[in-house]
């Protein structure tokens, strides 16, 4: 525990190394001749756009996938034998998608796959004991007997980390652990990781968030298109250089580029909205205005927007949409859609797209009425319509006959937006529009959102990505405990002001 | 030194009543228990004989429930075994065809395990959805039962052994009920206390997670299907012993009754949710209704209308259904009035 | 959590209401008080099948006349269900049990249980196997084996010693009646007229449409020219078989066609000459005598071991006779 | 990601596997035509259609429920029997027109009850349709008394059953017309699009502003109406009706749908595939009967075929992915 901050590089011997790894899926090469070595006590950043092969490489390290070529060595010994062997060798992976079993308890989830047994029977006392120790180690308190399905998203993320820690790993791999966390939680997590590394753990940290990499990593490896671009000590690089390496071109993060906006009439108006985790919210969104909703995960932002548009049950309150001088009340989700509301949900894979259907069909879905004559869909009209929209959102490749499931996260999000563009929405509600999306696609999605607003659409954005929120929004409402804790606009809106409202005055972590 | 910073992300339940409430809310058997309570109350009021003649009732429950218990193991993993009824028939025919009773039982039970293995092979190795694989096996095994039996009932060689088997052994408890209770206890312990059984929930609740955590998912699936096959074969053996002959058409109503028992008891067909106790509760409800109606001499068509009605009520009174109805009604009303009540 | 609890409560409420309803209906059915005999009749069919439908009313009528309180169950040919109903019946301690075995081979334990409880058992419609005869008081009903045999006798007479190839349409696979009739028919032609040979056989599942399809297919399979006759295990199926012949442009009249039943569907076919012979089975005789025999046993009167329904052969000669008026 | 060139062998395999049912059916028919005596004759082809038509009409309708991701509709057995009995019994006493209307009303009732329970109340389709089977068959038997109903030998129902179109029975034409109509409905109309979309992802479909509960009701209604037509066809074919008809149509139709290649998880599949699945099973059963093979073996063959067809499909997909 002695704070030895003076040796940030090469703190210990190499624990895990992968040499010349190649992995193909079907015809596509996901990882192409990549080598990486991580030392004990090191936090090793791994960055790259979506589809760069980060997750595949990590799954190979964790024994979930077998490489087509090359080998993984732990302490110089080749690793073969799948997940089990990797676990035994002390490799723990915290997944990007939550990999918990909702019906099992917190303790059982932490010990999943490693239940202590006596004669085949699980040893409940030992199980809870080890789980409790792991939770204590990461400093999170959770009811050990609660079903994980009833925990908040953030808690589940920490339970997952506790599971990795409980195995006393020598290598801890985290794949975008902060994607669902609020800044305060992120801050806590990063501090915790540094502490774990000081204890001699080798950590591989994958993130899209460049500042996090610079805050905790000792070295960083960049992947692009499945190939290794390079590994550099963090002090020898800059955020800009790193982004350039990731995208392979000169790229500027358009932070702080705010839009000139001249909002019009109020289009979306909510009064006294109450719902599960929402305790009375009044909210207006004007034509051509981008309203951001900030706050911690679990503060009730998603619940608020879903209740507003009728996607979830609203227990009280009135929400109206005004278009062409007529004001209509939203009583159900369908009435919301009928009156010009578009909704881009948080979970695009499970809620936004029919993955086994073509891009064209996904785009046609909300527009089916106008594409049909007497209830019969016109194929040529559908494909022309879908193609036009796919092109307008910059879908790559722009093949509308492919299944939506064949596209990467960023492109999938573009499809979701495209299908709503066809309706010329009066209001568009976007929940975490760029979560898990690579840098390039993120910029394009931001461009689309701005264009919509410029055309007079009322835009409501929920985001945990603070720079994104600040960059996009004309007005930011910060939600705390299901209520609006404060409203910020113009120069007063910055990271500090949003955070202090979100956390309830007393700012957590360092300034 | 040891004071690590902590993060509070939600209430860690501490007080006793909250704990109890949380523990109760976790259970999945409420709907089944509600139905059972109603059935018991109703039966007590019009046909108390059901309970005074409890060995009969237990016998019927054991008949409906035994196969359902084995099936639950498979359903917990998010799979389905439609071949159980046919397995029951095949095992019965196999057993009755072998002159030596003990040998017959062993071979029949092995046949059940083998059938489970074959089902598992198609599901695990070939990668077919279990609904389809076992639907195919449903036909194959039913056909096999006819082929093996020459399309007619097969009498046991040793009828006396069968008759002795049907007699009560401990008080009024017949071996069938005893075996049912033992299987129930065994499976209950298996899925709550044994590591492999506990992991069934992981396989059904989040298969990828189970795999990533190093749980041998394939082996668990094989275990589950073999359990289901074994229990179905056991039911076939018991039926044959008790009837002193194997009927190749046996068990025609068993499949749907077992699935119904499991679902009434709160076992989710999507996997990962439910319990062995729930299935028992479901089987008890169905058994008591049936015996009660039979005892009071209700005609079979009217019985069917009752049972179907109760089943329909039980399945549409799921809390999720209520939420859906309440939601719909609320939206409808607020749509009408243009405003929702504060 | 709150919603969940509320949902459960509401569910319970609804279920309780149903339960009350059930209880209300049930109590009406369970009236008692008469000091007559109580009898359980364990049948495998009832109002769900044509035969049972016409079997039940005469049975209930006879019971009412004899002052017998009759409780009827219907196991729908499920041996396990019938076994459980038998346990229920034994537990209820009636004065007598009337049994119509769902699967004859499986009723031994039921008979043993009844004997242990000192409840006499009479059997109706389908007899128990010979080994179990000692456990029952009496049997009344058709001789299903004998019906097959009688139908075969008509066939033999018609074939008149000439080599005759026939098709056979059986009942539902695995069903006791189907098995017995088939066996009776096969045994008799083997014994009486080996000149009759079965060219092909398939189950017709007691259905007219299934029978028509399989008959047509069997005709194709063996070659229609080689087929000189058809035996079907009941009149419904023979009607389908005759339709199959007609559909292929074959006149059924010259062919030797026999079946069992003389039902409302079969009788006109006899009269039109398409069906050459069938065996009359009176469902009302069957139902009535089930109770008559039971009553005799209850009163301690002596009964014959077997009271066989006369297996009356019906041909064009006696098709109009009131004695064989079709009942169903 | 870089795209390599896919080995052509695997590509071919996948192409074949996606069209498996077309090849299987063609191969089986070719085999039968070559090696089974009298297979190719108008009489025998008529028999194949007699086998295929009633269950096929049920299956093409039930495809809607399967594609919508709701497993199956077990109550088709009760529905077919009810429609047949109502058609004959009511037309005997009150005329054909009223009989059809009554059957239609009952079919709509079935569709609405099943659909509302599954669509609006989110209840499990297997249990819902199992309960409606119990209730429906119970009521049918209670009211009909289990009697066999038969129409007059010169009645309109009999006449319809005897009509031939280009040498084939009217039921074959009904099957083809139903398939074509339902294929159009599923493949080309908004309603069919919503069924497929709902089967592929119900949440996404709801969030596109679709009244998904109504879509489910629609799927069950289509199934019910098809079952009604199947009941009519069955009644017209034999001119008789009884409550024990159509046994095994539930899993039989499902087997045909699966052999056709429609996914039980919903989203993927087509009505034409179901038709081929039905024809495949009917031809196979026909061949077995023609070869004098007994009932037990027939069942085994059908079961083995389900497993085989799906195994080949799955393995080919795996191979193609490699």
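As written, the chain order gives the labels A, B, C and D, with residue 1 at the start of each chain.
What we mean here is this: a contact is a pair of C-beta atoms (placed from the backbone, for glycine too) under 8 Å apart; a residue touches a chain by one contact, two chains touch by 3 or more.
Values in this document were obtained by computation on a predicted structure and should not be read as measured data.
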Where are there more C-beta contacts: A-B or C-D?
A-B
Chain closest to the middle, measuring from C-alpha centroids that were averaged per chain:
B
Approximate Å spacing (C-alpha centroids) for the pair chain A, chain B:
40
What whole-Å value do you get for the distance between chain C and chain D if each is reduced to the mean of its CA atoms?
32
Note: chain D sits from chain A at a C-alpha centroid distance in Å of 44
Between the Cα centroids of chain B and chain D the separation in whole angstrom comes to 29
Two or more other chains in contact with one residue: find those residues in chain C.
46-48, 173
Which chain B residues sit where two or more other chains touch them?
146, 151, 299-301, 309, 318, 320-321, 323, 326
Any chance you could list the residues of chain D touching two or more other chains?
141-142, 295-296
Listed by label, touching pairs are A-B, A-D, B-C, B-D, C-D
Spell out the part of chain D that touches chain C in their complex, as residue ranges.
38, 41, 43-44, 46-47, 50-51, 54, 141-142, 145-148, 150, 234, 237-240, 242-245, 247, 286, 289-292, 295-296
Chain D residues touching chain A - in the complex, by the definition given at the top
1-6, 188-191, 193-194, 196-197, 200-201, 203-211, 267-268, 320-322
Over in the complex, which chain D residues touch chain B? Could you list them?
71, 74, 117, 120-124, 126-128, 130-139, 141-142, 213, 251, 254-255, 258, 264-265, 294-307, 310-311, 314-315, 318
Could you list, by residue number, the parts of chain B that touch chain D in their complex?
122, 126-129, 131-133, 135-147, 151, 256, 259-260, 263-264, 269, 299-305, 307-309, 311-312, 315-316, 318, 320-321, 324-325, 328
Under the touch definition given earlier, write down the residues of chain B that touch chain A in their complex.
1, 4-10, 12-13, 19, 22-23, 26, 193-196, 198-199, 201-202, 204-206, 208-216, 272-273, 323, 326-327, 330-332, 334-336, 338-342
